[in-house]
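Each of the next two complexes has subunit A plus one more chain, namely subunit B in the first and subunit C in the second.
Take a look at the complex of A and B:
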């Protein structure tokens, strides 16, 4: 039982300011690195399988399995091989990000109107150029939506990774638990949790802007 | 968040076409689970376990932890279904846009909240143990199911509603005989997500002393006994996959005929 005291929370934020900022930076970094890796793998795989039914459904089903595995179990399975810390965290986050990214890449690439692709072919483009210069730009907003979903997911999962010595705001949440009964237990857990929520909301808003400015000019509404 | 509504519709064949119910594809998940469990059993029997490992790696202990885990998951999901679906239906009846926007907004913020944070905060301000974990699970899965119920009813085509009224149905009949059946797939997708989610959060419940298979993972990690750790993690993963599979069967069975 801990009583909530707002004054004490403010004091906590004042004294722990630098720590909090450090953890936020760590949290953002681990999510950003994972998303970048997941995007390279996910969009790459999506481009390879989008027009082949069997590999496509296999890849999507496999990514679905990865997403179904609970995060603590996933991290636990990675520990014997990769140890504690950043490495298992990033691998787990990449695995969770793959499904939304691969699925949206496939959906985006398949949604390009056949007439558009035919005109591109008629202009003398080969399959490869059509993919990179026509399909990918048109699919881009949908792909980014997938990345955005993945971002929301990984920001939350990264909090659990603190248990296996991963980086980020989860550290504060677990410190709250381990100091259960002490004065600052609630402050630690509350700061960690609120930090994650705020981060998720800010990143979500950021993605709206990124989608707007990275979409091909001709396609912007 | 438009393109991916249910992250767990893992196979992605929901094209609206009613396929044969028992296709070979149906049995891929249980087959994989059986193979994985077989490999695990083979591996465990081939290594020499020490006394610490023997204490956890026996049938009694594992069955008890699994029972706790499933109990937590199923009770929480049932509570969520009982609470969230009627609330969603009631909210869909309001004409007020503000109320609906508010609910959806809160649901989005709720989704951004890390489950581990909710569960640990509750443990700090209330108590540790099973009931706290249950409350945390219900609070956490409540919003997604509520949201899906609301969206499921809202997405019913206005023309369909109008024809139902034109056929002389009262608002109540429209709800029961038209809107709800059409919303069933979306509502079930929400429940399925929340079920799988509960399996995951129930793992984390070990941190606040609520039992479950998370115990094995944490013990294995703390005592550096990887066989214990891996057994716990593999069992949790298999349970999640099987529950998702069962939910997918239910989803296909309960989908209204004709769609």
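Take a look at the complex of A and C:
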């Protein structure tokens, strides 16, 4: 077992600097792309099912099931069809993101006060206008909270994606774990883990700012 | 010549100072309910008239009102505005020309006050300048300073202020017809009275045809040109002016709805000058006087308060024009009721 040496860790960061930055960029990219796809699908599906009880429960149940599959198993199941690399990683991340996004979209759209809905209709808006001009803006902070939860989830899961040769900081973690006993094993694992944790914290703070900036002043508490 | 629905709506919309609304044999029944919510309801509101639907909760008054802008679709019967069949028009387009105010107001929380008022003008494709001018005009009309309130959000306003915005928003496109569902029901008594007084003043200048739903008979008496007293299934028990309903309730149901103190309620509708004033010399004098614009109820209030036999009545310039006493107030009511003590038929005289 190699002893932890802070000096050596600093030296590791110095020599591997460009590699680390590259992996962080990959990690952010794969999470961002997955969230964007999941948001388009999730908000879209939420808008389609929010006022229909049966499709609504079905969609939320299905998204819930996806979340219960262990990430390693999910990735392994995707290999035969999608091979290795970015594709299975993004598919897995999208599947994990759907539940919080769909559920928060549905909750947000349904929680608009009945009086607001009635006055919108009474003023001559059709269903489509009510959805886009009234419901969606009012539900927006709730939907963004769902995306924020999905972001936390996918930053963690993306680290596992190195198992299918996916991009991101997981590469370091897995390399460290597979070379235990070697000089830099601990440095690899530690750097990958710390990077994931830091990334999660920074992205969370970013979402707080985005939510604040993009929500109407009239809705802020 | 047959008119297309679109031009029919435009013709309704152009008539901004009140349209004639006719409901004929309108029925609403729900599949899972054995009794109709509204049954064979017929009424006609003249242009510029303020009609009150008053009745207990669950009597179908709100359902009846909501069929006019088709928030609820009638099962059978016909509804027309200015002679044009409402049920053949596009419901969304129709609603843009019918003002709609509900008790919970339903302002859009994510929009500023100005944006809330601009919703219908935007749907109608008004220019920015025209909309902005209209917002200023309307906020001034409902006594909210545009510079102070236009860019605030609903949550930054008090309940009474929000309800004013609700009325301004409903008036945005200058609709000929307004539907109001207990608009002042959720405000405290003092605010309510103030809103009612402002609303009456507003209606004097606007002259919209208004259907106003309330369960508060006093509010109906205060605001309405005519009152429809409704019972279950939205059956009309009596449809008449407040004075006539108070003077001669059609049946026991209407009488019970008026409740106690019908005579006092009638006094609120009658100005002091309706009474035969006595000579100013009859007044017991004193600092308390009655103005010619006051109602007989105000006069009675002052009489009870002071305990005097008669009070001086002053005109606008503060000149005494006569005196008012309890007897003279009673005489006004007596003169209007055919069954007043002097000419009572025997059966009615036995009533407590």
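Assume the second predicted complex is superposed on the first by the 217 of 221 C-alpha atoms of A that agree within 3 Å, B and C clash if a C-alpha of one lies under 4 Å from a C-alpha of the other, contacts with A are read in each partner's own complex, and residues count from 1 in each chain.
Note that in this section a residue touches a chain if its C-beta (ideal position, glycine included) is under 8 Å from a C-beta of that chain, and two chains touch if they have at least 3 such contacts.
Only a predicted model underlies this, so the values are computations on that prediction, with no experimental measurement involved.
Taken together in the superposed arrangement on subunit A, subunit B and subunit C fit without clashing.
The superposed model places subunit B and subunit C at 100 degrees from each other around the C-alpha centre of subunit A, with the value given to the nearest 10. By the touch criterion defined above, A:9 reaches neither subunit B nor subunit C.
Touching more residues of subunit A than its counterpart among subunit B and subunit C is B. By the touch criterion defined above, A:37 reaches neither subunit B nor subunit C.
In the superposition on chain A, contact of A:115 is made with subunit C only, not with subunit B. Shared-chain residue A:138: touches subunit C; no touch with subunit B. Residue contacts after overlaying the shared chain place A:165 against neither subunit B nor subunit C.
Residue contacts after overlaying the shared chain place A:24 against neither subunit B nor subunit C. Superposition on chain A places subunit B within reach of subunit C only down to 20 Å, the least C-alpha distance between them. In the superposition on chain A, no residue of subunit A contacts both subunit B and subunit C. Across the complex, subunit B meets subunit A through its residues 1-4, 7-13, 28, 32, 109, 111-118, 120-121, 123-128, 196, 199-201, 203-204, 207-208, 214, 217, 220-221, 226, 229-230, 232-234, 236-237, 240-241, 244.
Residues of subunit C touching subunit A in their complex: 69, 71, 92-97, 100, 102, 104-112, 119-120, 123, 153-155, 166, 169, 179.
Of all residues in subunit A, those touching subunit B in their complex are 1-2, 4, 57, 60-61, 64-65, 67-74, 76-77, 79-80, 99-100, 103-104, 107, 142, 145-146, 148-149, 152-153, 155-156, 159-160, 163-164, 170, 173-174, 176-177, 180, 185-186, 189-190, 192-193, 196-197, 200-201, 204.
Across the complex, subunit C is touched by residues 113-126, 129, 133-134, 137-138, 216-219 of subunit A.
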